[in-house]
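One structure is given below, encoded as structure tokens.
Letters A, B, C and D name the chains as they come in the text, with residue numbers starting at 1 for each one.
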Amino acid sequence: MEWFDSGWGLTLIVFIPTVAAAILLAIPRSEEGAAKMIALVASLISFFLSVVAIFQFDFGRADQMQLGTKLEWITSINANYAIGIDGISLPLMVLSTFVVVLAIIYSWDHWPEPHNPKAFLILILFLATGMAGTFVARDLVLFFIFFELVLLPMYFMIGVWGDKQQVTLPIVNRVVEMRLYASIKFFLFTLFGSAFMLLGFLALYFKSGDSQLGIRTFDIEVLSDIATRVDPGFLGSAAPWIFAALFLGFAVKVPMWPLHTWLPDAHTAAPTVGSVLLAAILLKLGTYGFVRISLPILPEQSMNWAPIIAVLAVISIIYGSLACLAQTDMKRLIAFSSVGHMGFVMLGISTMTTIGINAAVIGMVAHGIITGLLFFVAGSMSHRYHTREMSRLGGNLKLMPVMGGILGFTAMASLGLPGLAGFWGEFMALVGAFNPLDGLDLTLFRTAMVIGAIGTVLTAGYLLWMLQKVNLGEPKAEWASVELHDVERTELLAWVPLLVAIVALGVYPKIVLGATDPAVANIVENITRAVGS
Amino acid sequence: MVNLATLALSAGSLLATAEEEGHGVELSDGGLLAQYAWLMVVLPFVAALFITLYGKRTPRGGAWIAVGTVGFVLVYGLVLLISHWATPIAHTENINIATIGQFDIEWGVVVDGLSIMMFFVVGAIATASFTYAVSYMEGDIRETAFWASFSLFAGAMLVLVSAANILQMLVGWELVGLASYLLIGHYWEEKENSSAAMKAFLVNKVADVGLIIGVLIPALIVGSFRFHDILGAAVEGNPGLVKYGFVIGLLLFIGAMGKSAQFPFHVWLPDAMAGPTPVSALMHAATMVTAGVYLLGRMFPFYNSVAIDVLPIVMWIGGITMLIAGLLAIVQDDIKRVLAYSTVSQLGYMVAAMGAGAYTAGLFHLFTHAFFKSLLFLGAGSVIHAVHSNNMSDMGGLRKYMPTTFWTFGIGSLALAGFPLLAGFFSKDEVLASLNYASSHGTPSATFVMWIGIVTAFITAFYMARAVFLTFFGEYKGDPAHEPHESPRLMTVPLQALAVGAIVAGYFNVPGIFTPFTDWLSGREFAPGDHHAESFDIFVLVLGSLAGLIGIAIGYSFFFADGESQEARDRRFRLPGPIHTLLVNKYYIDDFYMLIVNFIKRPLANAANWLNGLIDAAVSGTGILMSVLGKFVYEGLDQRGIDASINAIGGGTGEAGGALRYIQTGKVQQYAAVLFIGVLLLAVGFFIVTSR
Amino acid sequence: MDFSLAGNWVFLVLAVVITAAAMYTVSTRNVVHAALALVTTMATAAAIVIMLGGEFVGWVIVLVYIGAVVVLFLFGIMITRAQVGKATALDHEGNVRVMAAVVAGLMFAAITYGIVELFGDAQLPEEGVVRTVDIADSMFGRFVIPFEAVSFVLLAALIGGIVLARRDEER
Amino acid sequence: MTIAQFAILGGLLFSVGVYGVLVRRNAVLVLLSVELMMTAVNINLVAFGRFYDNISGQIFSLFVIAVAAAEVGIGLAIVLLIFRNRSSANVDELDLLRW
């Protein structure tokens, strides 16, 4: 498999969806069957190749970039087409191709209004490229392009296929369509962050030229090498500003309190598949950025900022949980729960320890599959009930036993039940917070750990509350005459793999940790060296 | 017994392959038998999964599959126990499931005296209640779901018991919580039931905060999650553990208080009655509430070495719990509630014994209690099944209709009341004796707890007498159209089997005469060198037995009345809440014994009840506060604060766009003109820049 | 300019002609005259190119522009039924014309300033005739890919032109 | 001969073309003015090619001619289409792109 290892494999994984999107463009709009088939096959090939990548991946060297290549691209600014995966990006890349396949299967006969599967599929495929691309990019310019590439399809997905409900904005008192409001909010927030992120990247580029290495570069590994080995002080007094710029870019995507307010609206307004992809992959781009870029390139600044990140993470956890308790809309509740869960991921990252960062990565993967599934189920339920108001639902387990069962199971996974996927991320983040990297404030992190642990109680509280409202009790009278059919075949086809993944990851977390641990250890080692010297 | 032991000896020597020197007791690795102990843990999960997927297509919703599974656990546990009796086994199997830095995360099965005893108890009680449930749950609306969750319940407890590392124990711990949530909320159509399930889960979750932190601190200090390493380090006096010993011990105990329903976390247990009765039997005897005591037992070498200062707290909590729960049991009308409070009270005994450093006594009480408490619950279930009511005011005179249930229930009650020569007598005596011993060996305050224990023994006997007399004696007061009848054989056979257990279980630890139980428990790594009485402590023996007998006698004289006056009392029993208690007190004033009884009942029980309500109110108050806070955070901060500023920015952008759109004339030539002007400006700018 | 050179005299003549023709092109009220003035402009431009040594290019200009493009324009003029002869509404009103003149004038000024600043009196090399063979070598060697690309552009234009201009008889 | 004289002539021609583009209403005449600008560019390309003794200048002017031909073809086709639909070839009446 020489060709695969030399970068072609990853390139195909990333760009096959784009090629499929281009083919779809040429197909008439009326040929829905063909369009669906092409999209499915393309996503399956991409997923299959990423499975092949698992087998080609040398887990013994998981701390190094593998299966990649580096080709000259824009020589004038020394930006390269540099791709590759290590133990951290491998699980996330596989997750992204996996979720895309499921999203396409699910959409098979769930088309949100205004229909038009061709355009919808093209957007999904572009998203697929952007998501996988972000995880394989080793060059800041390439990373940025892929990072931004996901923005537009998601914007259109929310704006065109989103919720048409009219909402009144508080204070401003304007009545707008939910989807327009949400999509614009999403776009503005993310773009706001990205602008700063780009500034940060450029600053890194120019500063790297002044370092002892003497070459301006966008290469992540080279930059990290400069920061940790060659010339740790190369950023000088600009370092805090650069970190702040990157922080803004990533924190919006995560999202961290108080930059999170786009998330509930975007999730609520987005069509089901949009919410799923948003929750499962898009949020991970931010946290991945922290692990891949901020920590290795700016270790010392990460140290300085870690307490702030930890505090914000803890606020996210508590705040997200409390906000959940005030929701009446099911999808919105799940959306707010993401704020809390991503808070655990950020808490893990802020500890800067092997355990904490491993917790973050497995937390990302687990949150991706669990919350993805929750959104799938919530979407299917609102598709049937035509409402997401929890006060009108109830007795779902009686009306649709299988659907209710899956919802219950997933909620349990989401509240961090041991033996299921969500547990490891939460627990290990707390473990990490008890003993953060040497030099970080012990008292602060231990307080954060205690508050985080209390957060798990609140998490359990709102999820059980939701289950009680939605799943349990007697069904309301209004549904007596409504025909509600239980889970359909395509839904089951899309959900069962996620269910299996939740259990598998819970029972045998080595699936993820086996790959991440060496890579994380490498990062932490570099940080320790840089901070120590 | 002797024959059995010899038999076991030969079986054990066949299986044992290697011998190992450890802590004075010869420990073998148990051979194949121990290596395959994981089967016991895995099978219930397989059964649960199978029933979930295919239960609907299996006869009786897969009931017999579930029964078979726990039957296997019982048999396997029994064989293990016998071979352990012959040659003590201490064996651990570990599978690595992840490595993070220097940490190994593993699944493991530990097979030693402590876990084997629990395997046997769980297997025995589960088999009895599963078999019973086959009949009890017949025709239930969700039989399949019930059997799947029930198997999961047993499996989760086995994960906890078999845990070779503290993390796996946490996993089992939470899984038990999940299964109990599913089972308590089995009849979730009623909001009350689903709320009870939620309450159980959440109260436990609160306590689990302590557990989670208590788990991760020692693991970080020692660098391993394994009990072997943590306990080893504790025994050797690892300086980190010495420093944090008190905190860790306290935190772990907070977790244990949640599961084992210790004051002030006991509030969930009475509400947990919402589930089907076999669930209560299993939960109260073997699978859920014993987890906390088991945790203390498992970690006992740790407490005994580096966290010794925590033990008095443990003891006092146990003492408080046994008393207040016992008092509460007196005023209950619901027969299951009486039993539930009695469970809390008995758990208090176990915990108090642990706190007094009597590892064996605490676990021995767990062992005997498992038999008679499950017997009592199943008996109560049989009664409820017959009269279709939980309330004792609807019962009465049932001994004529259901003789088997009556005599088995009676044995159970006597055993619980500590009637001489039944199981509870031996174990309760050992708990009290160990408290007495502790009072003269370093913990003077144990004297108080011992007296509390004696008083509670009296209370226990009293309320059990009340329950028995109200239920089985006097006139039948239920629905006359519906004559009660004895339960089917599938339900009475487990009752009889458990009754035998409730009689003989106590003889496994007769001080100084026959003490296999002590030997079982000391057959483990780092066996705690706790005190074992060489003979009966005559002082507490007499006092404890007398307390029980007087309790029964008072109960008899009070509740074994003729039909008329009892009926008159029952009319007031039906009244709700505190009024009920008040009225009951008023009515019984003229009786001489009543004076004493009322003294106990009115001020003390009310205070306990009031405290109970206070804690309840605090829990729900916190819930309301949280939701108010949540509303405030969401509506106040989120929507009005942060969001509004964002909206303002967005609005501003929109206004600017509205103003600027007028330059979009659509006229190509104007665009071209602008283009050329732009080029010009650029050129001029370029000149200016370059000319410098 | 050094008027001792004959070339410069020729240039001067050509420059005057081309300027006049171009101005007439953009200012005449007769559409057909505008097209014919363009022919003159093109022819003069071809002459200037040949004078610069671009023999092949010059003849291409003559062939393509005068032979094809202008003819196409005339077709266009005919088909859109623009008034042959004088028309009043061909241009915008006065103020637009003034604006346009200002823009154009400024542009010219800027270009002139730039060229004078940058090149001043720099002389052209004496020998400058490029042989057609050299162009061919270059075109089919180094520039073959752009050449192919342009052929695609032309093909696309061809098809596009037909698709756009065709009348659908069915409808 | 200096390079400046040819370049300035090109600039003059270009500016005249710009004037034409801005001032003409008839679409055909606008296109015609665009051709003027292209010619100016061609002259400059050839002149600079000579100046730097580089054949690329001429090659590029050939490309410009080719593209110009294509542009005229398509441009006129579009004008034709517009004329058919609106019976007018005046650019200022085409403001569908207006806000």
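Methods note: a residue touches a chain if its C-beta (ideal position, glycine included) is under 8 Å from a C-beta of that chain, and two chains touch if they have at least 3 such contacts.
Computed from a predicted model, the values in this text were never measured in an experiment.
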### Query
Going by C-alpha centres, which chain is most central here?
A
#### Entry: Pair with more cross-chain C-beta pairs in contact, given A-B and B-C
A-B
### Task
Using mean C-alpha positions as chain centres, tell me how far chain A is from chain B in Å, no decimals.
38
### Query
How many angstrom between the C-alpha centroids of chain C and chain A?
56
### Gap in Å, rounded to a whole number, between the CA centres of chain D and chain A
51
### Query
Using the average of all C-alpha atoms in each chain as its centre, how far is it in Å between chain B and chain C?
94
### Query
Out of chain C, which residues touch more than one other chain, so two or more?
92, 99-100, 103, 107
### Summary
Residue numbers in chain D touching two or more further chains are 18, 22, 92
### Query
chain A: which residues touch two or more other chains?
none
### Query
Quick one: which chain pairs are touching?
A-B, B-C, B-D, C-D
## Note on the structure
The residues of chain D that touch chain C in their complex are 1-9, 11-20, 22-29, 31-33, 35-36, 39, 42-43, 46-47, 49-51, 53, 55-56, 58-59, 61-63, 65-74, 76-81, 83-84, 89-90, 92
### Contact set on chain D toward chain B in their complex
18, 21-22, 30, 91-92, 94-99
### Task
In the complex, go through chain C and note every residue touching chain B.
92, 99-100, 103, 106-107, 110, 113-114, 117
### Query
What residues of chain C sit close enough to touch chain D in their complex?
1, 5, 7-8, 11, 15, 18-19, 22-23, 25-26, 31, 34-35, 38, 41-42, 45, 48-49, 52-54, 56-57, 60-61, 64-65, 68-69, 72-73, 75-77, 79-80, 82, 89-92, 96-97, 99-101, 103-105, 107-108, 111-112, 115-116, 119-125, 128, 130, 134-135, 138-139, 143, 146, 150, 153-154, 156-158, 160-161, 164-165, 167
### Interfacial residue positions of chain B with respect to chain A in the complex
96-101, 103, 105, 107, 167, 170-175, 178, 181, 185, 188-191, 194-195, 198, 201-202, 205-206, 208-209, 212-213, 216-217, 219-220, 623, 626-627, 629-631, 633-635, 638-640, 642-644, 646-651, 653
